[in-house]
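Once you've had a glance at the structure underneath, I'll fire off some questions.
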Amino acid sequence: MLKREVPLLITILVGWFMVIEYFFPGAEKWSSELQNWAIIMTALASVLGVANVARINMLKISRKQKDWGYSVVLMAGMILMVVLGTLFPMIKSIFGIESSWTLAGMELSGVTSGTWFTQFYDSMFVPMQGTMFALLAFYIASAAFRSFRIRSVDATLLAVAAIIVMIGRVPIGDVMWSGMSGLSDWIMNVPNLAAKRAILIGAALGAISTGLKVIMGIERNFLGGD
Amino acid sequence: MNLSGDIWVWVAAILTLAIMSYLYKDNPIYKFAEYLFVGVASGYYLSIYYANVMVPNLFTPVGDGVKALGGGVWTWDLWRLVALVLGLMLFSRLIPKFGWPSRWPMGLLVGAYSGLAIMGFAQGDLLAQLQDSLIPIIDKSALSAFGDASGMTNKFLAFLNVLSHPILIIGLLSTLYYFFFSQEHTGVSGKVAKVGIWFLMISFGASYGFTVMARVTLALDRLRFLFGDWLGLNIL
Amino acid sequence: MSEPTKLQKLEKIDRRWVFLVMLVAVSIPLFVSVDLPLKVTPAAQSFYDSIEALQPGDIVYYAADYDPGSKPELDPMLMATLDHLCRKDVKIVSACLWPAAPPLLEAGLNTVAVEKYGKEYGVDFVHLGFKEGKENVMVQLGKSFRDVFPQDYYGTKVEDIPLLAQKKANGEWMVDKFDDVKMIVNISAGYPGTKEWVQQVRSRYNIPIISGCTAVSAPEYYTYLRSDQLSGLLGGLSGAAEYEDLVNLPGFGIQGMAAQSLGHVAIILMILVGNILYFINSRK
């Protein structure tokens, strides 16, 4: 009962509430309260994700598993950011400390500009995430050379559309032929759009039917086994 | 060349190169940077959740609610505690064989987002896109623009625009046909589905072209950082 | 099995050589100044026109939904749109649905609104920070900003922020929901982003939305542009360049176009050469 029926009932009630609320936007106070709960709960779900990363890596360190040294690096980075961004502000607010804690001219506590937290964000988070995505440019080049084979009508259409769009979306296209950007724009707005619209409509029908199954209690896979 | 004297630029440059070294092959320096990134990012996320969500939407209202309760008044703020309890029930997943309490908050979230998704897809995608597809086959303004166009290139582009409406309609219908009629595609039915596939291929090509654009931009940005900000070379 | 020929070896070349070619192709234009003419597409023009049509004192909701992974594509749009809005004396209520976005938005606001235009925080613009909750937050913002964001990014209660603290004669808040703003300006890197703003907010609250998005998501958003669910669209760095040109603020978008062009040409050549090699080798 507590394991299956209650969660299912919660899903059904909340789901229908959200749908009905669209048509009858009364019950403002309750709907806003419910949505605030969802905000807090989704945030806690994300915290759960971080907690899981920490747990896995702590286990790796304590069991001295392969590559445990890297887990130490990971935990050091995480703890550093949590101390600056969570622990210090927490201490400050609990004890009502108003003064700033500075080191080398930068504030130690908090997440906004001028803090050590933001400095680490700027010089670690930003370049590393940016570079990870930048690597994909090189892999897409390698795939273009080694695997993009034009062997059928379908593949030819794909390749021709891709090439026109690639040239037409940058200034060099119009240098080659003055109609290039116009042609690529037409592809985007007509044949591409026709197919994308069909995909959108198909996906919408799929999403609506899945959603209805969930809030009618037919689809219950998200509750897991037993 | 005018090498940067800013230690933080050096930190960023070294980490950039460490990640880039993966292009040569997987190596300990890359691994170090990768784990450091996951650590810093996780710590960052946790702090932002604390500062931007937990404090304003949970701790402050609950604190206010408790103060009011001290004065003998029950306020809405205290209902937030329900969210806290439900949210903490999510953590039961971390305990093996005791995951069921997490189903309550999961049920609430799945219900809420399913309800929102139904209305969003119905209103935003299905109805709006169908409505916008009810267009006349002949676009009169495109026809007159074709008449006015001068020069080969303009004439050609104007001609394409005359074809836009019929192509949009044929493309949409044939692609939908391909999606929804999953019987064996033979005869006329097969030909219609084939046309649908062609449109899909063109749209995949367009997406591929745009994806290339995105990736090149990201690579460009890192190179500009390394050559310009770090090495201080005279670049654009 | 006979020895592979030179051309067969070339077709199966170590991918690191391909990486090197790509590196060189994108690097060269950084050192050589090439001036290429830029043509503005209707999508970018309508984005520009939408902001241009705003009046001094109007308010927009500015949704910066991205992270450092797409910073190179979207930062130029952020800078140029903020500049355009400040130039038009439009007030900005800004927030993020991506956790890693607030520092990027903050940097943009500091550089453009504060340093360049001398705008006052809390009066001319406000940064509400990040909120988890995706579509749920979008829908709720249509009813009450302060319900979702009781405090701004700096922890100040919204009642203490002049822009959000004014009341109408009937006691309602002056600026508290989408009805009170003219438009949503969305800088979007994926989910949650432009698609969800359109689905959840566009028709429910009947508010115009313009989107500056990554190139990866742009092809899908053309459908929203055609159906008028979006009033303007900038896709990727090319979109950013066109907009920079329109607002006359050359930045990374315009500067990057030569290198971007050569990068595209390099990829096209790789597709073509790869296929020619394949064609020759498979005939033997």
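Read from first to last, the chains carry the letters A, B and C; within each, the first residue is number 1.
Criterion: a residue touches a chain if its C-beta (ideal position, glycine included) is under 8 Å from a C-beta of that chain, and two chains touch if they have at least 3 such contacts.
Predicted model only: the values in this text are computed from it and were never measured.
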item	value
Chain contact graph, described as a line, ring, star, complete graph or other shape	complete
Chain located farthest away, centre of chain B as origin (C-alpha)	C
Averaged-CA centre spacing for the pair chain B and chain A, given as whole angstrom	7
Computed distance of Cα centres, chain C from chain A, in Å	16
Whole-Å gap separating chain B and chain C, where each centre is the average of the chain's CA atoms	12
Shared-contact residues (touching 2 or more other chains) in chain C	19, 22-23, 26, 69-72, 99-100, 102, 131-132, 134, 136, 139, 148, 153, 204, 219, 223, 226, 236, 238, 258, 260, 263-264, 267
Junction residues of chain A - those touching two or more other chains	22, 35-36, 38-39, 42-43, 46, 111, 121-122, 125-127, 129-130, 132-133, 137-138, 140, 144, 159, 162-163, 166, 169-170, 188-189, 192-193, 196-197, 199-200
Two or more partner chains touched - positions in chain B	23, 41, 44-45, 48-49, 51-53, 55, 57, 112, 116-117, 119, 121, 125, 129, 203, 206-207, 210-213, 216, 218-219, 221
Complex contacts: residues of chain C adjacent to chain B	16, 19, 22-23, 26-27, 29-31, 33, 69-73, 99-100, 102, 129-132, 134-136, 139, 148-151, 153, 155, 196, 198-200, 202-204, 214-216, 218-219, 223, 226-229, 235-238, 252, 255-256, 258-260, 263-264, 267
Residue ranges of chain C in contact with chain A within the complex	11-13, 15, 18-19, 21-23, 26, 36-39, 41-42, 67-72, 99-100, 102-103, 106-107, 110, 131-134, 136-137, 139-140, 143-144, 147-148, 153-154, 204, 219-220, 222-223, 226, 236, 238, 257-258, 260-268, 270-271, 273-275, 278
Touching residues on chain B, where the partner in the complex is chain C	23-24, 41, 44-45, 48-49, 51-53, 55-57, 60-61, 112-113, 116-117, 119-121, 123-125, 128-129, 131-132, 203, 206-207, 210-214, 216-221, 223-224, 227-228, 233-236
Footprint of chain A on chain B - complex, ascending	8-9, 11-13, 15-16, 19-20, 22-23, 31-55, 57-58, 76, 79-80, 82-84, 86-88, 90-91, 93-94, 99-100, 103-112, 114-119, 121-122, 125-126, 129-130, 133, 153-154, 156-157, 160-161, 163-164, 167-172, 175-176, 179-180, 196-213, 215-216, 218-219, 221-222, 225
Touching residues (chain side chain A, partner chain C) in the complex	22, 25, 28, 31-32, 35-36, 38-39, 42-43, 46, 111-113, 118, 121-122, 125-127, 129-130, 132-133, 137-138, 140-142, 144-146, 148-150, 159, 162-163, 166-167, 169-172, 174-175, 181, 185, 188-189, 192-193, 196-197, 199-200
